[in-house]
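Take a look at the following structure, please.
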Amino acid sequence: MLKVGILGITGYAGYELIQILLKHPCIQIAEMAGRLEKPTPISSIFGQFKKRFDMECQVFEGASSFGRSCDLIFLALPHKVSMAMVPEFLKAGKRVIDLSADFRLKNAASYAEWYHEEHTSASLLPEAVYGLPELYQDRIKNARLIANPGCYPTTVILGCAPLIKHGLVKHEIIVDSKSGISGAGATPSAVTHFVNRYENFTAYNIGVHRHIPEMEQELSLLAGSAITVIFSPHLLPINRGMLSTMYLSLKSAKTQDELSAIYQEFYQDKPFVRLLDKIPQTADVRETNYCDIWVNLDKRTNKVIVVSAIDNLTKGASGQAVQNMNIMYGWDETLGF
Amino acid sequence: MLKVGILGITGYAGYELIQILLKHPCIQIAEMAGRLEKPTPISSIFGQFKKRFDMECQVFEGASSFGRSCDLIFLALPHKVSMAMVPEFLKAGKRVIDLSADFRLKNAASYAEWYHEEHTSASLLPEAVYGLPELYQDRIKNARLIANPGCYPTTVILGCAPLIKHGLVKHEIIVDSKSGISGAGATPSAVTHFVNRYENFTAYNIGVHRHIPEMEQELSLLAGSAITVIFSPHLLPINRGMLSTMYLSLKSAKTQDELSAIYQEFYQDKPFVRLLDKIPQTADVRETNYCDIWVNLDKRTNKVIVVSAIDNLTKGASGQAVQNMNIMYGWDETLGF
Amino acid sequence: MLKVGILGITGYAGYELIQILLKHPCIQIAEMAGRLEKPTPISSIFGQFKKRFDMECQVFEGASSFGRSCDLIFLALPHKVSMAMVPEFLKAGKRVIDLSADFRLKNAASYAEWYHEEHTSASLLPEAVYGLPELYQDRIKNARLIANPGCYPTTVILGCAPLIKHGLVKHEIIVDSKSGISGAGATPSAVTHFVNRYENFTAYNIGVHRHIPEMEQELSLLAGSAITVIFSPHLLPINRGMLSTMYLSLKSAKTQDELSAIYQEFYQDKPFVRLLDKIPQTADVRETNYCDIWVNLDKRTNKVIVVSAIDNLTKGASGQAVQNMNIMYGWDETLGF
Amino acid sequence: MLKVGILGITGYAGYELIQILLKHPCIQIAEMAGRLEKPTPISSIFGQFKKRFDMECQVFEGASSFGRSCDLIFLALPHKVSMAMVPEFLKAGKRVIDLSADFRLKNAASYAEWYHEEHTSASLLPEAVYGLPELYQDRIKNARLIANPGCYPTTVILGCAPLIKHGLVKHEIIVDSKSGISGAGATPSAVTHFVNRYENFTAYNIGVHRHIPEMEQELSLLAGSAITVIFSPHLLPINRGMLSTMYLSLKSAKTQDELSAIYQEFYQDKPFVRLLDKIPQTADVRETNYCDIWVNLDKRTNKVIVVSAIDNLTKGASGQAVQNMNIMYGWDETLGF
C-alpha cells in the first residue's frame, strides 16, 4: 500500500481527494493536516465521511513535521503557500503532487507578473512536470514534482490540443468559460454568498485571469509558436461543473469529418476523454474524471467551435491529481474511479 | 411628502424597504445611513438601483446626528442595537418602525432569557405596538413606536389566529417552518456559503429559536390563555420565501366548511391575506406583501393543518413595515404595493 | 457472478441502480429493458454512462421474454404495473426486488383504498417481505419477493422505530417531510418544470399521500398497536435528498441521554444508520445509502423531535434495493457502496 | 385609458405583460385570451394575481372574435401563429405589438430559410417596425405593427451598436450568450425538467439558432455592410436573466476612454441602458427593463469585450413591448416601470 499524505484538508480539493482515494485499492491515507485549531476528525469537518473515514486531521505545523510516514504528498494549498514547502518534501525523498498554481508556469518572470509575487523555488520549475496526462504521460511517470493543472486550462488545452498540434488554426483563440461556485473556494465571502449567486449570473476577471498564461504556455508549446488566448471566465450558480466554449479560426478549409477524425485519433487511447456527437453538459461529468468534448465546424462562418466539460473538482483538480498518481506508480490510469 | 429615514442600509431589509418606498407616492427617502467606510451611493451597494435612485448613504455616527430632517425612522438594524437608539429618536419627536426584535416581547425578563441580554429600554415596552396590522390596526394608527413582527411569527400568527381566537384548538401547536436564505442575513458565513446550501436542506435551532416567545406571546394573547409552540425552522435553498406548516388539534369536531367560513370572516377586510383553496407556494407571494393561507381539516386524524406562505423580506419584514407606515399616516394600507 | 436484470430503465431508480451495480464486485447486469422505441445503448439515455457502460437496453415486450438469463430481477416500474409481472417472474424461478409500492401493504383492501385499484396478485402479499433491512434482515435473507420500501416511509420508520418499539411515545405522530424533485419522477410535467420549482417551495398531498398506510402499517407492527401518522410532504427545489421532521409525545419523562442510548442500542450494528449529535443535512447523505438520524428531547414542551435524512434515490430506492440484494445473497450489506 | 388586449396568456411573456401593465397608469387590459379549455380567471392560471387581478381569460377562437374593444393588441403567441392573425387585426384598425419572430426579418426568404416555413404575410414585412426603441424610436412612434425583438438580439444589438455604428470593428463578431430557463417557454419537456437543468449547464443550437439572422440583419443595417455573427447560446439554471459576452476586433487602436465615451454618447438619453464600469450581473436587471452594458478594451489582445445583461422576460420580451407601446402613444418611455 502506498502511503499518501494530504496537506490542506479544509478546502474542496482536499475533500474530493479523500472521496476518490477512499475508493482506491492501492493506497492508504497515512496523514492529513490543515489549518485547524486542534486535531479534528475529518468526519467533523465533512459530515459525508462519518462512519466511512473517521481519521483525525492534524494541525499543520510546518513541512518538517508532516508526511514522514508518506511516500507521496498531495498539496491542496493556496497559491504561494505551496512553493515554500515543496523543496523540503522533495529533500525528504517524497514525491509531490501540487494542486496549486505554483509550479505550472515554466517562467518565473511570468509567475511574478501574474501572481504578483517572486517565485521562491524557481530552481525547481524546470523539473516540475505539468500534470496533464493526456499530453505528458511519459514525463509524469518518473516525475518527483507534478504541477497539477488548473481547472480552466484543463478544459481549454484538452479542447484545443488536436487542432493546435496539427497546426490547423490561427494563433488567436477565444475562450468563454463557465465554472461552478466550488471553484471559488470554501471561504465565505460576498462572492460566494448564496443570495448573491442564486438566480444570478455574471463574469469576472475578464482578460486578467491567472489561468491565461498557463493556457498560453501549454498551447504555444503544442503549436511550436505563440498562441494568444482571449479568456472570459463566468460564475455559474451551481456547485460543481465547468464548461468552456472555444472559438477557433481554421487556416484552411476542413470538413466536419476531418475534424472529428483528428480528435478521434488524438484521443484514441485516453480513457478520460469522451468525444461526443452532441454538446456536452456538466451533469454528465459530475463527480467523474471525464472531459467531454464536442468539436463542431460552423460552415456558415468557417469557425471551429469546441465545447468541453469537466467537473472542476475532479478532472479539474483532485481527480486529475489521482490520475497523475496512478501514472507515477505504474497503475492503470483509471484506478480508483 | 412624508420624510423618512432608513438606518441600516446594507442588509436585505434595508434593500427591500427602498424597493417598496420608491414606488410609494406619499413619501420621500430623506436620509439613509449604515455601517460604511465612507458615504456611498446606494446604487454602488445594490446595483439594482443604478439610474433609479442614486442617493448617497451616510456613515452612521450615532442617533443624535441621524434623521433630523425625517418624520419617521425605519430601523433595519440587528437585534440589541435598536434598543439603544429608539429612546433618542422618540425624544426628538420622530415616529419609529423598528424591524429588529427588540420591542416585540412585552416581558423584559423573557427578552433577557431568549436574547441573552438585559433590555436597556424596558420602560418603552408597554408603549411599543406589535405591528401586525391584521390584528392591531387600531393601535398601530396612533403608535409612536412599532415593533415590526418577525418573519416566522407573521406566518404562524396569521395562520393560526382565527382558530385560536375562537378557542377551537388545544393549547399545543406544532409549527414546521421553512425559510429562504435571505433570512439568514447578508453577512457571509459558512451557513450562507453557496456550496453549503445549494442542493442541500437542513433544519436549525429546533426548539430554541428566538421567534418562539414572540409566537407564544401573541397566540396566548389571542387565546386568553397560554399557548405552547413547538417550532422547527428549516433552511430552504432559495433566496426569498417562507412557508409554515402548522398542526393543530381541534377541541371538538368541525367541518371543513365551518373552518373555511371562520377564516373568511376573520380576514374578510384584510387586503394582504389571501385564503386559498389549494396549498400555497412561495413563488406566488414572491416580492409581494401577501400572506397566502390554506386551512385544511384532516378528517382521518381530526387535525387541522394550516399552510401559510409569505415573502420573508416583504410581508416578513419590509413590506409589513410599509404597511404599518400606511396605517400610521392614515393612507390606504396597500399604498406603494 | 450473479446475473441481474433491470426492468424500467428510463427513470431515476433505474439510473441509480446501474450507478451502484457498476461498482458491485459480485454481479453482472445481464439484461435491461424499458419503454423504448427501439433497442438503445444506456449511455444514449444517460450520458453519464458513456465509455463506462454502453450495454443496450431492450424494448420491453412482456415478462415472459425478459430476464431468462437472470437470477434476480429489479423492477423499477410504476405502481400497478409491477403487480402484473411479479407472478410470472417468480414462477420462472427468479427472485424479485420490486421498487414499486405494489407489495408493500399487507392488506389488499388497504391497497385498493389508497391506490384506487384492486390488487391483482393479492395472494403474494403474505409472502412479500418489506425490504427495510434494519428491521427485517432475517426475512429478507430467504425472500423470493422483496417489496422495497417507499422513500418517505424509510425516513419515518427508521426515525421513529426505537421510540415505537420501546413503547415510549403516544400513538399519534406528526411527520413533516421534504423531498427533492427527482422523487417526482423523470416525466416532464408542470410540477417538474424548472421555472415552476426553482426559487419556489410548496407542499402537496397533505393528509392523502399514499405512503401514509405504509408508514402506519410498519409502525403499528412495531408498536403492537395502531399508530396514526399525520403526514405532510413538501417539494424541495433540489434534485436529490429527503428530510423528515417528526414530532412525538412521550408517554412518560425521559432524558436526552436515555433517548440517545435507546437509539444507539437499536442501531448499533446497522452499517447504514448514522446517529448524529447535530441536525442532519441532505448534502451529507447525497449519493450514499446512509440514513442520518438526530433525536432530540425538547424539554420545554416534552416532545421528542426526530430529524432523519436520506438520498431519496439511494437509501430511498435503489441503494436500499442493492442492500436487500446483498442480504439475500449472503454478502456484506455494504458491498458496492 | 387605452384599451389593450393580450393574446396568448398562458406563457411567460403573457404573464410578464400583465405584471407590467397592472402598474401602468394609462391603460386598461380589456381582453385576454389563450388556448384554454374554458374561460378561466387569470389568477387561476398564475396564482400571483389572486386578489390583484381576477379578470377572466377567454378561450381564443380566432382573430375575428378577439380584441373588438381594444385599441392595441399584444400578441404573445408562438412563431408562425402570429403571422396568420396580424393582417386581420390591422384591417380592423388595431395597432399590434407582436412578440413572436414573425415580422422581425425583413426578408421573407431568410424567414423561410431559418424558420422552415413560407411567410404567409410577407407583404406586411416592409411596414413592420423592428421594435428596438434605442435604435428606432421615431419609426416606432407611428407604427401600426411592431416586431418586438428577440431576447438574444436585444443583448447583442444594444451591446455592439455603438462600435458597429461608428465602424470601429471588423465584420465578424463572436457572441457567447447565456439564458435563464424561462426562455425555453412554459411547456414541460425533457429540456425544462427540473432535474435535467438543476446543477447542470450546457449549450444548444450553436451556430444554428434562429436569432442569428435577426442579429445580422440589424447589425448589418447599422454598419452599412454585412456583419457576421458566430453565436452560441447556453442554458443557465436560473429562471430569469440573460447575459451575452461579445468579442470584437478593433480595426484600429482605441483607448478604453475613447470606447467608454462612444458608448456614453450613443446612449446618453436612453433611459433603459445603463453603462457600468464593472461587469454586469443578471440579478441587477431582474424584473427590470434595463440593459446593463460593460465595454472593455483587452489591451493585451486588442479585442473589445462587451458584456450585456437583461431580464429575458422584461427587456427581452414584455418590458420592451410596453416600452414600445409607451412610444407609440406618446407617453414617457418609462411609464409603468
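Order as written gives the chain letters A, B, C and D; numbering starts at 1 within each chain.
Assume contacts are C-beta pairs under 8 Å (C-beta built on N, C-alpha and C of every residue); 3 or more make two chains touch, one makes a residue touch a chain.
From a predicted model like this one, the values you see are computed outputs, not experimental measurements.
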{"item": "Centroid comparison with chain D (C-alpha atoms), farthest chain", "value": "C"}
{"item": "Interface numbering overlap (same over half, different under half) for chain B and chain C", "value": "same"}
{"item": "Whole-Å gap between the CA centroids of chain A and chain C", "value": "37"}
{"item": "Centroid spacing, where centroids are CA-atom means, of chain B and chain C in whole angstrom", "value": "39"}
{"item": "Whole-Å gap between the CA centroids of chain C and chain D", "value": "46"}
{"item": "Residues of chain D whose C-beta touches two or more other chains", "value": "198-199, 237-239, 281, 283, 286"}
{"item": "In the complex with chain B, residue positions of chain C that touch it", "value": "172, 174, 176, 178, 196, 198-204, 206-207, 228, 230, 232, 234, 236-241, 243, 245, 247, 279-283, 286, 296, 298, 300-301, 303, 305, 307, 309"}
{"item": "Chain D partner contacts - residues on chain B that touch it in the complex", "value": "47-48, 50-51, 198-199, 271, 274, 276, 281, 283-288, 290, 292"}
{"item": "Touch list for chain C against partner chain D, complex", "value": "12, 181-182, 186, 188-190, 192-195, 197-199, 237-239"}
